[in-house]
Amino acid sequence: MFEKNQNVLVVSGHAADYVWRAGGTIAKYIKHGAQVKVVVLSLGVRGESNDLWDKPGQTFESVASIRKAESQAAAACLGITDIEFWDYQDYYMDLEDEEKINRLATLIRTFKPYHIITHGELDLLNPDHDAVNKYVFKASVLAISNGVQLPGTETSKQTRIFGFEPHQTEICNFKPEVIIDITETMDMKKEAMNCFKAQSHLIEYYTVRAFTRGNHARRLSGSKNCKFAESFTRRFPYVGDWLV
Amino acid sequence: MFEKNQNVLVVSGHAADYVWRAGGTIAKYIKHGAQVKVVVLSLGVRGESNDLWDKPGQTFESVASIRKAESQAAAACLGITDIEFWDYQDYYMDLEDEEKINRLATLIRTFKPYHIITHGELDLLNPDHDAVNKYVFKASVLAISNGVQLPGTETSKQTRIFGFEPHQTEICNFKPEVIIDITETMDMKKEAMNCFKAQSHLIEYYTVRAFTRGNHARRLSGSKNCKFAESFTRRFPYVGDWLV
Amino acid sequence: MFEKNQNVLVVSGHAADYVWRAGGTIAKYIKHGAQVKVVVLSLGVRGESNDLWDKPGQTFESVASIRKAESQAAAACLGITDIEFWDYQDYYMDLEDEEKINRLATLIRTFKPYHIITHGELDLLNPDHDAVNKYVFKASVLAISNGVQLPGTETSKQTRIFGFEPHQTEICNFKPEVIIDITETMDMKKEAMNCFKAQSHLIEYYTVRAFTRGNHARRLSGSKNCKFAESFTRRFPYVGDWLV
Amino acid sequence: MFEKNQNVLVVSGHAADYVWRAGGTIAKYIKHGAQVKVVVLSLGVRGESNDLWDKPGQTFESVASIRKAESQAAAACLGITDIEFWDYQDYYMDLEDEEKINRLATLIRTFKPYHIITHGELDLLNPDHDAVNKYVFKASVLAISNGVQLPGTETSKQTRIFGFEPHQTEICNFKPEVIIDITETMDMKKEAMNCFKAQSHLIEYYTVRAFTRGNHARRLSGSKNCKFAESFTRRFPYVGDWLV
Amino acid sequence: MFEKNQNVLVVSGHAADYVWRAGGTIAKYIKHGAQVKVVVLSLGVRGESNDLWDKPGQTFESVASIRKAESQAAAACLGITDIEFWDYQDYYMDLEDEEKINRLATLIRTFKPYHIITHGELDLLNPDHDAVNKYVFKASVLAISNGVQLPGTETSKQTRIFGFEPHQTEICNFKPEVIIDITETMDMKKEAMNCFKAQSHLIEYYTVRAFTRGNHARRLSGSKNCKFAESFTRRFPYVGDWLV
Amino acid sequence: MFEKNQNVLVVSGHAADYVWRAGGTIAKYIKHGAQVKVVVLSLGVRGESNDLWDKPGQTFESVASIRKAESQAAAACLGITDIEFWDYQDYYMDLEDEEKINRLATLIRTFKPYHIITHGELDLLNPDHDAVNKYVFKASVLAISNGVQLPGTETSKQTRIFGFEPHQTEICNFKPEVIIDITETMDMKKEAMNCFKAQSHLIEYYTVRAFTRGNHARRLSGSKNCKFAESFTRRFPYVGDWLV
């Protein structure tokens, strides 16, 4: 099922989203030899850095600098070598913009991801996450359309799109559709989470989440070895040769 | 992804359901060496043999005999060697019965299916199909519970449960979650469908359905080779090592 | 759109349900020459006669007798000449019974309704209503199946099935799909409602409901003349020659 | 039910949408004397002309010219004499624009459609279609509001709005609510579809779809004569004098 | 449960929305000593003043002036002393605008509402109402984010957000989650509604709605005294010390 | 909001359900002086005692005896003095039985609960839990109906019904509607959970769940003090004097 040439593109609304929600899966793909690229659309300076702003004297630039350093350190813990920080404003994030959509469509055409992981369809507490979901979908559609002329690219093929868990799953209509065993990379994920010093409450929260999903994974699969897991939605049906 | 020891149990409400909705998938599993067992709960004499009753002089027994012969012939076309015909009444099918539930739980414990394929959760036109869905689920729960003592059995492990497409999908809230490429066994499926002489309209209908799902499969996967497909719901989330 | 030979069968869980929820529509069909039959499954003695039981000395029989007389009087106000009172217990109503299902299937085969009106799919406050919905559907399926042998009947054709509004619509997931203008029979409905002396609060309630649906009808159709209306769900899609 | 003065406005996102999804219904209305206007918002040069772009040397203009000629030829096959090609960009289509909304609202006020047919609420594979759905709804609301001053127009009346089937219905939550028998115009639809030479896979796909819906129509209505059908959603409840 | 320091902010899309849907609740809060602020985003001149435009010689300014006077008079009837009229265009209302979002976020930070009442998530007949719902949510998120720097403000705390009933509840997926007894202020609400002379049909409509919700309140709570009620959705789960 | 005379009835499908899902809330009500009664419908010998059966030599009676003792010990930890063990079979639990329904209706009439807490509407992994939900609802309806004559009782008043969290919330469509802060009784809940020695994996699981819900409670309410919480669905809308 795993093939090394199945590139993974991760599109993260803010500096830490990809770590909390997909860090274990990313680390596992990299560890086994897949090519993974992470795009961080914004540093989350305005909306996801509350604790940093509590310190007196902070400016947009100082917070941005801390967030970027933290995100880079976390990426290193997960084995990520290919990470881009884009320049978008957060809170709120305006992605209904042709230039921005073309930028991501271009990246999809050149990186040619087999899988894309990004925010799911609804986050009742975070409008930026919803905007990213729509943005990624639109860009992915442009990428596969012959008539969309983007300099230096050629049309790419249909990708699979997976959605992160939101912070509060049930009220966001999130249902796990694909649960990935991350037992072998959980330690790397913990290390990565620890890079975000100002958000220690989330570190425990997502550790506990991985434990909970591990429990679900064992119950649903009947196999005993999964201790930690991450779950995702799948935008489209699975297509294949065998029942999975 | 395919392993020969992944047994498949198919539970079919009436004599032909397993052919229309899963014939290609069943034939593919058997062709590649998996063990497949089909249980036909009723012959559909009362509710799914309309055309046969149009001939004068028919009796319950005569229709039952034709239906059973047709279903056996179809099974042979698909390569099925293990098929059981149970004795339940259809239209309506009363499966809220401890003895019947135990019978199926016992079969699950002894056959030990890795996958179960049966009717999905809602068929707005066929109450028997809904009853079978609940029946299979209940039996599967009893099968994995240590305290349920069924003579000659020991507790089995959690199975995966997949749901057939109903006749009219959208009004039944059916969404394809797993689409299986049946191009290599479509001819066998056609032969099997042709055994049900009194229902020629359904033969064309399900041929067309396989064509439609093949189109979806190509569009969603980006691969060109799938010509025919069958689709299923998945009762529980997928659990595994990699995104699928 | 209206043709006199489009028989209407109304299946009412309790003695007054058909009046509150469909009285205007029934009266209109009868007034224009259609044949309408009402089946009252129970008198609602246990569950829908609270006010009657407040009087000292009541017995099951005395309440039943009052309820039946009220229901007959109401039927007369609506022009109904064909009403049957069946003998089922209410609260709760057990309709998962082959004999009862056959009884209704037999009636469907002999009366041959073009439309059936009965309780909708969910009443979060009244489990009897849900049971009636399932019961009518099952009987209607048996009625159209050649193999279901019911003495003195022959197979009938597919009917359309419409659902009553429940008392509290939104929490029951009720959505109006078909809104019928009952302006011309609203006075008859009021008279009929007035027969249920012990439930005066419901008389005002359903008068107000008809006013509210009339407002909706005007807003949605752009025509000004509808003052009162009743609304229903439609179990299956509309099939026809033209957009409606 | 059909009256000649019930004008139909069809708003099609791209050059061929109105043919695949409503060609039979449009041809039927025209054949029986109704006035039908089709507005094609874009030629689908960027997103729905993949096969054309496969030929070397194509430009936006050359593809546009082919698409327009094909769409005009198809319209002629259906008997359409009133078709407008607007100048919008597709993939993605930005319709959150006051001038564009006013343009359509003006057209609604002058053409005065009784029915509007356009894209349904969700197309999980095509963001343009979703945009068109919202656009038509907004314009229809402006058209009926007295205070919206559009030069040369007066306020129009509420219309009925019907939604096309998307390509993959179930994953888009599409449910057929109105199924129209197009047996008498199926040949015209086939001819029209054949005009789009570069999309032969869709011709078979939508032929098969009409066959499938014809099967549904027969099953749901109990009448035998419908061979081909098209289905639509209905944005608002049906309002009328009789159950339909 | 009621504490005087629980400020209420009401955000009303048009001049009369807050009266029809929340007038009784607002009056009750004020009567008991709470601080309530109402923001009217637009006067509804274009879209919600149909009757006024029927008189010859009206201009945007003349209608605006009447609507504002009516809204002020209604506010006075409810005891509202703090009402702001913002300058937004209605039909359609474009609120995807950073300046507008910041304006409301600033107001939230300075007024510090404990509760916000505004339009619910979907109004199938009124796109402005949907836009307001999104607008209020986005502004509320910005208001609680430390990194969002708005001159003269400091970060506020999470508020509770309640949604108005739309005009036609069921087709908008509206479900009452919180039903408020407004018996004691129903007379004030009637007086306030009477200020909107050009919309007398809505006065009766919302009187009847309050009666209907009162009936629901009695049925669901088992207490007899509630005669009139208003209902709302609740965007987030209730959090507290005891079951409510 | 809390009043001592608000009795709470808890109906638990198996011996431990009330502890895992509502132990903290129960303990809190008791601690503050409310009267709480727990009814355990079955001991869960067949379906929820897997670990106990792993030991050789167990019989139905021996497992039942252990489960009952554990449940009694847990009840004591929570301060429960009123607990009843009924005699129903689990896996599967057949509660469509007039005598059983009357038994619970009688208890409701005599205990007169203000709140009932029991299983929610869907547990995709446990059919017994679904059966209990329906059972409690039916009994509650009978209890409030004057015409339902149950010896030694008089009609009771409408109760509020709350639903437990199922084991895997999202796939069961569970959404938290009421989140109760159990910080002050979390230690008692832990002690109670520790009584179920054979299910240590669930102890950690539900400890973690309480932590997760505590995080949600803080985020949604803006108050910092809640460390642990339990969440429930609410079957009916909230009715009251003020927004909650």
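Lettered A, B, C, D, E and F in written order, each chain numbered from 1.
Heads up, the rule we're going with is that contacts are C-beta pairs under 8 Å (C-beta built on N, C-alpha and C of every residue); 3 or more make two chains touch, one makes a residue touch a chain.
Bear in mind the structure is a predicted one, so any value in this text is a computation, not a measurement.
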item: Superposition of subunit A upon subunit F: rotation angle, C-alpha, nearest 5 degrees; value: 180
item: Interface sides of subunit B and subunit C: same vs different residues, half threshold; value: different
item: Averaged-CA centre spacing for the pair subunit C and subunit A, given as whole angstrom; value: 53
item: Separation of mean Cα positions, subunit F and subunit E [Å, integer]; value: 38
item: For subunit E, residues contacting two or more additional chains; value: 96, 125, 171, 175-176, 216, 219-220, 236-237
item: Overall pattern in which the protein chains touch one another (line/ring/star/complete/other); value: other
item: Touching chain combinations (by label order); value: A-B, A-D, A-E, A-F, B-C, B-D, B-F, C-D, C-E, C-F, D-E, E-F
item: Contact set on subunit F toward subunit B in their complex; value: 45-50, 52-54, 60, 63, 91-92, 94, 96, 124-127, 171
item: Interface residues, subunit E side, partner subunit C - complex; value: 125, 167-171, 174-176, 201, 204-205, 208-209, 211-212, 215-216, 219-220
item: Partner subunit D, residues of subunit A touching it in the complex; value: 96, 98, 101, 134, 137-138, 141-142, 145-149, 155, 235-237
item: Subunit D contact footprint on subunit C (complex, rising order); value: 1-2, 8, 25, 28-29, 115, 117, 144, 157-160, 162, 175-181, 216-217, 219-223, 226, 229, 231-232, 236-244
